[in-house]
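Take a look at these structures.
In what follows, chain A forms one complex with chain B and a second complex with chain C.
Right after this comes the complex of A and B.
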């Protein structure tokens, strides 16, 4: 195999490969990227056995072929090369080396045979549809903060993507929860998606997927089976196993009868929460909200370290309410609101609280209070 | 040289016998009346309690320990002459000393004796740091005016009271810091009274092996030997910076300890870092029901202790020892600290479900990353709405137990 490729193109293609490979892997080949050159294209493939990313880039292929080499090391080399350099990759199968030359720099990296590289078994995708990148971006970005890191509840370690009945008909829905907060984000159902099986997309995949969604104009081809999910742009294909588990029936925990309504400027609210939480030394960081007559008092009382209080003008005309929350949860939830006011719907001080962005019914957040 | 009679507590300037009672049991040291940090260690504590409570055992070698495959927890001095040591497997101990009487430990009796000794110490100073049931550090600095006698006299009176009122003997080490006091108490066991003064610290430590230093076990000893350090004299040749560079924080500690410097205070209560309970089975088992019952009971004991101490833990640990003596520990971090049996049990049972299969000879449950009660169990779980109900049930059961005793109400699970 021998090819030449522009440094910037190569760097971009390798960036995703090196983030997929496991750093501390005990199986050496999994630290490698598979490079396949044919026609006018070079493809880079990396996997951790759960996720596989395939990145294609245009290149001048002198001699077709394939090899595997350390993804991290190759990425580092290319990153340190000067901008605008033309990089030549030449594999010497007999010596087991890949030569990398650019200008007056030359490197030689150990290779492993391509036959040893595990290629993820292709599967039959029952559902295939296309979705605009901004739609998927919103679905996953707004849900991912609530993904659980608890290993024992592994079925919460991802975003549950499925078809659901929303207030205005059938929607494509993403839900994530860790038992303390929950995010439910809806989008118009793309054509061809109605029969999609619900899948739990793992946290790492959500992170990798995000890199495919930067281009506002891009259409993402989505393929879903019971066990795998695939997101593809013309250059990049991201294939991932889904979490083998059952996502809990989240609809039961979304409160329906919360009537005490608070409307507040989300940015002002977040800043105030952040300020008062400064004095809290506990990791639980409880913030108390006292609501009465268009006034919201945020307070923290940490016996060991100090106290803080801030008052905000808000819209609230229900009965007086005192309720406590984890400051971090409040900040994260308020951070999801882009333009509108944050609308909180409370019930009692021990009941789950609902949050919406203005009148937008397509995003629902739930947060559990804590005793203060 | 100032001397103290340990029998009648008379202080006198010099002599080989007490001028008052003619006893030869003296403690003499130039700094006798100036030292105030002490370590008191009971002599063969469990065995002594057994001999006291059953005088027929008095002249027989006694080993306290037990179970089918237990180890020696304590043995009396008669058994020690035969080579029996604590932590020795029982079969080996009995091979060395076949005539020994093996007694099962009676912890309530030891706890009671320990409390009585503690009360005697409390009468001398509030600065007591118990290390276990049978040993403690005492800081008697500044108590001389209050008691009208220097610390040495108070300590001699303590062991005397222990002998006359409780029938138990102890050995005292008196020095100017904890490290040296602890070494001193071991020099003249049993019924000992040893003193290491400031002036003789250096000559005392000279050429002692490194293993007498606090915190130096087999592993550290080996790495010290690799650096050519066998004795404290070797250690003193090292520059402080070189020791730190080679041994990290330990190096800094070694630098000071080998010079007899130890600035640790006698802390009344060492801060608790974790709460755990474990149990060894009579027979190895892999029966999931049986083990589940144990996990519940252990969780309950841990939770009871946490509640008594007004603490909770953020991390739940499950410990398993396999038949092959391999120890496995699995831990799980909770979203917020807990002191509830229900939450500890659920986390531990879940860890057990994911652990390798048995058979096991030991199982343990613990909590760590402790937090005050006020920070525990504050938030509820959206996906487990019944958790709050179970917490209320547990609090109600606790209230019933507090009134009617521990057995008044039990979970069926606890009977498995």
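Right after this comes the complex of A and C.
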């Protein structure tokens, strides 16, 4: 294999590949990126056995072929090369080496044979559809803060992507919850998606997917089977196993009868929460909200470090209410609101609280209170 | 003990009938060691400064105790061996006992179970000897003797062969004798002791030699304990000197990190008298309850002293049990006194750990890189390529160093635990202090902090809880279910709110907020285990603490989590501010410290 490629193009392709590689894996081949050159294209493939990313880039291929080298090391080398350099990759299978030359720099990296590289078995995808990048971006971005990191409830370690009945018809929906709060984000159902099986997209995949969604104009090809999900742009294909588990019936925990309504400027609210929480050094900093007559008082009382209080003018005309929350949860939930006011719907001080962005019914957040 | 000065000779008198009846009659001598105990106690009561114990054949053939105490005159000798003759109390006040002896029974008993010979010479007088055999007293005869008393007991139990049969091997009787002397020697650091084994009439082997210590009581005791328990003990022991309402607890208690697998290093005394009291040993256990796992035992040498009127020593024939007028006061002084002392010694982890670390760190020849064939997938040509790819050292600048991250962050390292410089293996924080380095086990340390915080929250406004959006439902066995529901109210006060959920299921509704995203299921499983294990746990509070300790584990930073420099430093600062942060809830250390001098020693620089 021998090819030459523009440094910037190579760097971009490698960036995605090397981020999939697990730093602490014990299987040497998994630290490597598989380089395959053919025609006018070079493809870089990296995997951690759960996720596979395939990056294609235009290159001048002198001799077709394939090899594998350390993804991190190759990426580092290319990163340190001067901008605008033309990089030549030449594999010497007999010596087990890959030569990298650019200008007057030359490197030689040990290779492992391509046959050893575990390529993810291709599978039949039951559903294929296309979705605009911004739509997927919103679905996952707004849900991912609620993904659980707790490993025993592994089925919560991802975003549940499925087809659901929303208030205005069938939608493509992403839900995530960690058992303390929940995010439910809806988008118009793309054509061809209605028969899609619900899948739990793992946290790491959500992170990798994000890199494919930067371009507002891009259409993402989405393929879903019971066990795998694939997102593809013309350059990059991200394939991932999905979490083998059943996502809990979340609809039952979304409160329907919450009537005490609070409307508050989300940014103001977040700033106030952040300010009063400063006095507590606890990991689970509790903020108490006291609501009465268009007034919201946020207070924190940390016995060992201090106390703080702040008042906000809000719209609230229900009965007086006192309710406590983990400050971090309030901040994260308020952080989801882009332009509108945050609308909170409370029931009692021990009951789940609902939050919406203005009148937008396509995003629903639920957060459980803290008892202090 | 308040012993009479050696030169003021007390008067021995017969107790009247009433007093005799008030004295618990009992088996005084059941084995050689108990005879030794009686004789050494007598010597101590006589104000001896040096006591020698000789024995042959585990004490079965000969026991001889020589002292330099006040001695007895010719008139005293027959009285000394008479039953109920004592110089130590006058019978009117059995509640005010300041000496080891008070019954006037020991010598009489010894005279009836063996051939007893007493040679005694008060200072400035002549020496005399009296022999008693099988309970029959001989005549008092003048003889030459050194000032003090020599009591010889030969052929113990010769008249009662049945008794003799129950004795153990010479060796184990001998070790019991040494043990008795060791215990008394702890109570009397100012007195010198020598224990010698006699073979064929000749001193053959010195078993124990303790020179009289002098100076300040605590210093004397510390030196004595160093001799008896080893330098390790004293290096890791905190001085205990607490007083409350006329009760005074003094001695040394070891750091939890110096705990033992058994209770062999627990020595308790009441007014200088060794005791085996359940109440007191129980209190010792409770004092360490929080900082030791169940299978570890604290090490301590403690004397509880009080006005003799407040404690009845006459409840056990061997005087090894006592009865307090106010047992709760004694118990609570031990518990709270020790806890205070331990809390003050809080961030001081066991220094032997540092030494152990050094021993483990012996320089090693560089290892040849070896592949772990078992854990490797069977890629055929892998071996060759991999070998070629594995450099002796990771090339600088490229391959990430094995999971260590170095933090250049400069924080004032005057803090006791220093500034975090690196995290290795995602579980150990290396911090630089003014005088060396500290290695912290992040999980253990954090677990301790969470536990202390949970307790503080509980004792303040109550533990804040996080309600669960999706309650965790658990199917339980009927016994677990019953046990859990019975404890439900108590658990709710600890922030764990559970409800019955039909049949044998329970739903977890709320968990302590500090535990964050902890798995409610695993948490509950642990709590059930804990409830199951605590059948006989000391008190509700101790039980609840044990549960909190279990819970804390679930809220702790796991091993294997990367920490940022700020996080690590925050952890160190929090450890410094938290009492008892030197050990985790199971008594393992949370950090070890290596002094620069230790490190230099490793490299042979000193």
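Throughout what follows, the second predicted complex is superposed on the first by the 372 of 372 C-alpha atoms of A that agree within 3 Å, B and C clash if a C-alpha of one lies under 4 Å from a C-alpha of the other, contacts with A are read in each partner's own complex, and residues count from 1 in each chain.
Convention: contacts are C-beta pairs under 8 Å (C-beta built on N, C-alpha and C of every residue); 3 or more make two chains touch, one makes a residue touch a chain.
If you're wondering where the values come from, they're calculated on a predicted model, not measured in any experiment.
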Room on chain A for both chain B and chain C (clash or fit): clash
First, second, both or neither for A:72, with chain B first and chain C second: second
Touched partner set for A:106, first chain B, second chain C, both or neither: neither
First (chain B), second (chain C), both or neither touched by A:29: second
More chain A residues in contact - chain B or chain C: C
First, second, both or neither for A:253, with chain B first and chain C second: both
First, second, both or neither for A:178, with chain B first and chain C second: both
First (chain B), second (chain C), both or neither touched by A:96: second
Touched partner set for A:366, first chain B, second chain C, both or neither: both
Location of chain C clashes with chain B - one stretch out of 221-229, 365-373 or 419-427: 221-229
Overlap of chain C and chain B interfaces on chain A (superposed complexes): 150-153, 177-182, 248, 253, 282, 284, 286, 303, 324, 326, 350, 352, 366, 368-372
Footprint of chain A on chain C - complex, ascending: 375-377, 379-382, 384-386, 388-389, 397-400, 403, 453, 456, 460-461, 464-470, 472, 510, 513-514, 516-522
Residue ranges of chain A touching chain B (in the complex, touch as defined): 150-153, 156, 177-182, 248, 253, 282, 284, 286, 303, 324, 326, 350, 352, 366, 368-372
Residues of chain B touching chain A in the complex: 332, 335-336, 347, 350-351, 354, 371, 374-375, 378-385, 388
Chain A residues within the chain C interface of the complex: 23-24, 26-29, 70, 72-73, 76, 96, 110-113, 116, 148-153, 177-182, 248, 250, 253, 282-284, 286, 303-304, 324, 326, 350, 352, 366-372
